[in-house]
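So, here's a batch of structures to check.
Look at the two complexes coming up: subunit A is in both, with subunit B in one and subunit C in the other.
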Partner chain A sequence: MPSTRAHAGADFLNVSNLHAGYGQARVLQGLDLSVARGEVCAILGPNGAGKTTTLRALCGMVRGRGSVTLDGTELLGRSPEQAARLGVAHVPEGRGTFNDLTVEENLRVGAHLRTGPRRRGRAERAAVAADLERVHGYFPVLRRRSRQAAGSLSGGEQQMLAIGRALMLRPALLLLDEPSLGLAPLVTRELFEIVRAVNEEERTTVVVVEQNAQLALDIAHRAHVLEAGRLVLSGPAAQIREDGQVAEVYLGVSVRSRKAG
Partner chain B sequence: MSAVTELLQQVVEGLGSGAVYASLALALVLIHRFTGIVNFAQGELAMLSTYVAWQLVASGMPFWLALPVTLAVSFAGGMLVERIVIRPVQGAPELTVVIVTVGLFIFVNALAGLIWSFTVKDFPQPFPDGGIDLAGVRTDWSTLGILGVVAVVMGLLYLLFQHTSVGLTMRAVACNPASARLSGIRVGRVLMLGWGLAATVGAVSGVLVAPVLFLEPNMMGGVLIYAFAAATLGGFDSPVGAVVGGVFVGVAETLTGAYVDVIGADLKVGVPLMIILAVLLVRPQGLFGRAAVERA
Partner chain C sequence: MNNVTASLAADRTRQLRAAPTVLLAVAAVAAPFYFAPFQVFQLTMVLLYAVALAGLNLLVGFGGQISLGHGAFFAAGAYSTAVMLDRYDTGHLATLPVAAAGCFLLGLGFGVPALRLRGLYLALVTLSFAVFLPPLLKRLEPVTGGSMGLTVDKMQPPAWSGLAEDQWMYFVVLAVASAALLLARNLLRSRVGRALRAVRDNEGAAEVMGVRLSLHKTLAFAWSAMFAGVAGCLYTWVIGFVSPDSFSFVLSITLLAGLVVGGLASLYGPLLGAAFVMYVPSVSQDLSEAAPGVVFGLLIITVMFVAPTGLAGLPGRVLGAVGRRLPRTTAIPDRTPEAASAPDAEPRPTAAPGFSPTPAPADPAVADAEPVGAPPRTTEKE
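Let's turn to the complex of A and B:
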């Protein structure tokens, strides 16, 4: 089993000795992991393992101790708005769309950092328009629904909108928390294919947290398995997918049934 | 005067006071949408703004210059209140926040009394005397002026929210602050902006109503109750609702005062309370508000 240590050092995202939690509940107890630039990294594990907490610590939604560096810059101790300024785009569990706003307005909010006060030149506006085109290219349905309120979209469309909004930020690091939650299998598959396309075309580094291990392993380059707030396993996604024992112990039946079929 | 013209006359008068209630209700709704807080001190902040206007005029500034200065001061004041008084209790239990705004109410009221005393002051009437007659219905210039000013304020707010990037940012924060943060929006600043805006809109209501009610620290107490009725009727999260509700409450107030003998002038203040009660019983989210239901 390849160790993370050998992999660490020159990595884009480095998490070391991360402790985080909610009040008295300490969820993460010394997590180490690293993600290379341009990589899709899957974080897997049972409920309560600390997957969501890990993402929230990366984007500043929960406080953490230890160290998290993105391209050498420390992320811990920053607020979510500061993390966003450093290029961290987090798509939270439950999507977090602006339901009263139209689809296009949602996307424009995503470009906030480039359209805020003092930055509304012609060039910026053109850049935002180009980004809208780009996002519409990945998610054509968002173009058709441009003027519709986000709250009226289906769950799958809302998830696409949430990811589209994150892409408007032109993120260096895209964090996806349970993108498959509550979606039909076909929609989920489509969504993951788009995430793969984004990663391949823009070299965006992606960290995806998923209950559906099989789906995540399909698009991931590497995977990390958490249990009770600690990293218990990491390695190339293909290897973890093929490792029957790992699948049985940590990832449930979904991978096994795939192997059988 | 025929019964119809008499009725129309009452409606016109109701529109004038309705516009004042609408702008204070709008201030309440703005803050409620941004922060989920019902600001009981909104009327008192408007009263304080009105004193600022009075002081400026009393020291020789022409009214139409004093007004924008007052609005600017109110904007800054509203932002300060958010930063100093509200921010520390943001996210605290609802009752805590309510008590803080009630405390602010008492503080501002006492502060105005301390500075300007509780004696009634004459506030200059910014609009000319007289009015126009239309088919026997007389509309005072002051009524038209109030309607005009409130319409301009609404129009500017609409432009701000729907057609500027700042407005889009504000709506995003009102809708989902957590996601707004994740998009890099500095939510604290936007909330300050929201309070500043609300204080400005509230100030407009105070300045407009002062020539009618005379200026004293308790001037806005009654207006606040009407504004609450307007916001409840329209829906506490709907700016359009606040305006419609304000106009409705104003007209209902004059009509019941004129036609329902039991109520007359003395019991008029019962009208908004009845409206609040009726709305809460029949349609708690108000006419334009949305019930708190969302698809998962």
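Let's turn to the complex of A and C:
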């Protein structure tokens, strides 16, 4: 049951008073939220609320002020590469696959940090091979497409590749930015089921930003609703889902009518 | 059973892919015995330029950066070799590692400003290296011999080989060039090469995967400069003379043009580009004594029009065009990704990881080629 695990342990990811933006545009204005270890957390909200910016601040792609700690370690002020070393794997919006590389090469870039010059041993290579197997297990299509250029995959396959690549990092924290963007509903549903499986089997903490609130709430343990760079609501996913009025006001969708129908 | 057929098919494609390389190797070894000395010299120069272009390909084709200053690294390799031979009498072979290492370090140094610049801005700054070097060489007369340049001994064939000078030189350059091209290939297939290509494809995504952008971009510059330096060293061995005017900024532009004409991010691109750079100016001289430059320029335009992916991409484009004109067995042209990925679909860049003409030749729906030098795609929004 989702709710039993939510807030079971100490907060794994802690965001407090986070300010971030692009040049003059201040997007986040003092955001506070926390995510427990092993939890799937959905960040919802209308366009321009700062959902993507939140993820980017977490992984170091945009600079922020305030404090973001992952398992007690401060993340702000680190480069994306350093954040990746701390186990933050970001699946950017629009997938960001390396289109001229093959599918397998894309996955191996995900293991880049684990195969450094000082880690050329057989054990490391075996571990990467095992992780390739693991990712292929979640996404069998990637095995079939292994030698194909990522640019020739369909949108859904590219999204799977982007998530698989992030998993190759063996992340402690997986950040998913709009995984449903531009995908068919059926593909999106499959993708979310896989994310749920990854979370359940590997206990990976997941933060997912989604426009499709219903889908995200289906797999999330907790949800946070952002508006204009601030947290306006947070709670167990089930509770947010039941609160039809909240959904209508902040998410622009009628969740209740779907539940009823 | 499926596995067996699959592996047999894989073996066959591997053999097919190896065939041109084997043929080329045989032809390369036989060539100096069939051609006149001047033609052998020309082939030697092609190989030598191919080394420089292979280096430039690492940076421009696979790294997505641009350099209009590679002539400067070429010159640095050539001059360091000439100075070592002239003043220190080191013997030819000792100059190669020094030129290579020196240019690697030089590239590392020049790679740092490249971190802050991209596209046209980087082109401009690298061009300034190329413009600035010849006057500098003239000023440093005590070392470089000033405008007069330096004349050094060419490499002589040992008695046991029984080869003429041009043949011996050819084989030496062939050996170094083969090693260099092999090194470039293996480099690209390594972890570093993969990271480099990932940075070219999508800088932001590579960075969040833990690829250190600054390190890999600078390394690309360094490796690339090293290859240019090796080519410069071979140049001094072959020509036996260096002067500032041999390395004007036009050399840098010619190198970049040669690479683009030959085919960016491909295995044979540097070789084809080197042949273009070597032979086309003399052909244009024959066509028009008054304006060989104009003919050379027009030929570049023609090649780029006929083969926008470079000469190396031409066979794939031709095969693709022929394939589309052949009668189809199915009534509806199948354009789904599944069909496109069928193992015996028309040749596409996906077949050979790492080493194939990057832009997809046939299918515009899949051709997601990135104009090189353009800033890489990012996932920016807002």
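Everything below uses one rule, namely that the second predicted complex is superposed on the first by the 248 of 261 C-alpha atoms of A that agree within 3 Å, B and C clash if a C-alpha of one lies under 4 Å from a C-alpha of the other, contacts with A are read in each partner's own complex, and residues count from 1 in each chain.
Just so it is clear, a residue touches a chain if its C-beta (ideal position, glycine included) is under 8 Å from a C-beta of that chain, and two chains touch if they have at least 3 such contacts.
Please read these numbers as outputs of a predicted model, since none were measured by experiment.
J.: Consider subunit A as the common anchor and indicate whether subunit B and subunit C clash or fit when overlaid.
T.: On the superposed model, which is not a single observed complex, subunit B and subunit C clash.
J.: Just to be sure I read the superposition right, which of the two partners does A:Val209 touch: subunit B = first, subunit C = second, or both, or neither?
T.: neither
J.: Would you check which partner chain A:Cys41 touches, where first means subunit B only, second means subunit C only, and both and neither mean what they say?
T.: neither
J.: What is the contact status of A:Leu113 with respect to subunit B (first) and subunit C (second): first, second, both, or neither?
T.: In the superposition, A:Leu113 contacts both subunit B and subunit C.
J.: Tell me which partner A:Leu101 touches in the superposition: subunit B (first), subunit C (second), both or neither.
T.: Both: A:Leu101 reaches subunit B and subunit C.
J.: Applying the document's definition of touch, where does A:Glu157 land relative to subunit B and subunit C: first, second, both, or neither?
T.: The second partner, subunit C, only.
J.: Determine, under the contact definition given at the top, whether A:Val198 touches first (subunit B), second (subunit C), both, or neither.
T.: It touches nothing on subunit B or subunit C.
J.: Considering only touches as defined above, state whether A:Gly182 meets subunit B (first), subunit C (second), both or neither.
T.: first
J.: In the superposed arrangement, does A:Cys59 touch subunit B (first), subunit C (second), both or neither?
T.: After superposition on chain A, A:Cys59 lies in contact with both partners, subunit B and subunit C.
J.: Spot which of subunit B and subunit C makes contact with more residues of subunit A, would you?
T.: For subunit A, the partner with the higher number of touched residues is C.
J.: Look at A:Arg85 in the shared chain and tell me whether it touches subunit B only, subunit C only, both, or neither; answer first, second, both or neither.
T.: Both partners, subunit B and subunit C.
J.: Give me the intersection of subunit A's contacts with subunit B and its contacts with subunit C, in residue numbers.
T.: Common to the two interfaces on subunit A: residues 59, 61, 79-81, 84-85, 89-90, 92, 96-101, 105, 108-110, 112-113, 115, 151, 165, 169.
J.: Spell out the part of subunit A that touches subunit C in their complex, as residue ranges.
T.: 22, 25, 27, 48, 52-53, 59-61, 79-81, 83-85, 88-90, 92-102, 104-106, 108-110, 112-113, 115, 145, 147-149, 151-154, 157, 162, 165-166, 169
J.: Give the list of subunit A residues in touch with subunit B in this complex.
T.: Against subunit B, the touching part of subunit A is residues 59, 61, 79-81, 84-85, 89-90, 92, 96-101, 105, 108-110, 112-113, 115-117, 120, 151, 155, 165, 169, 182.
J.: Per the contact definition, I'd like the list of subunit B residues that touch subunit A in the complex.
T.: It is residues 165-166, 168-169, 171-172, 174-176, 178-187, 294-296 of subunit B that touch subunit A.
J.: Which residues, counting only subunit C, touch subunit A once they are in their complex?
T.: Spelled out, the residues of subunit C in touch with subunit A are 191, 194-195, 197-198, 200-202, 204-213, 265, 337, 340-341, 348-351, 353-354, 358, 360, 366, 368-370, 379, 381-382.
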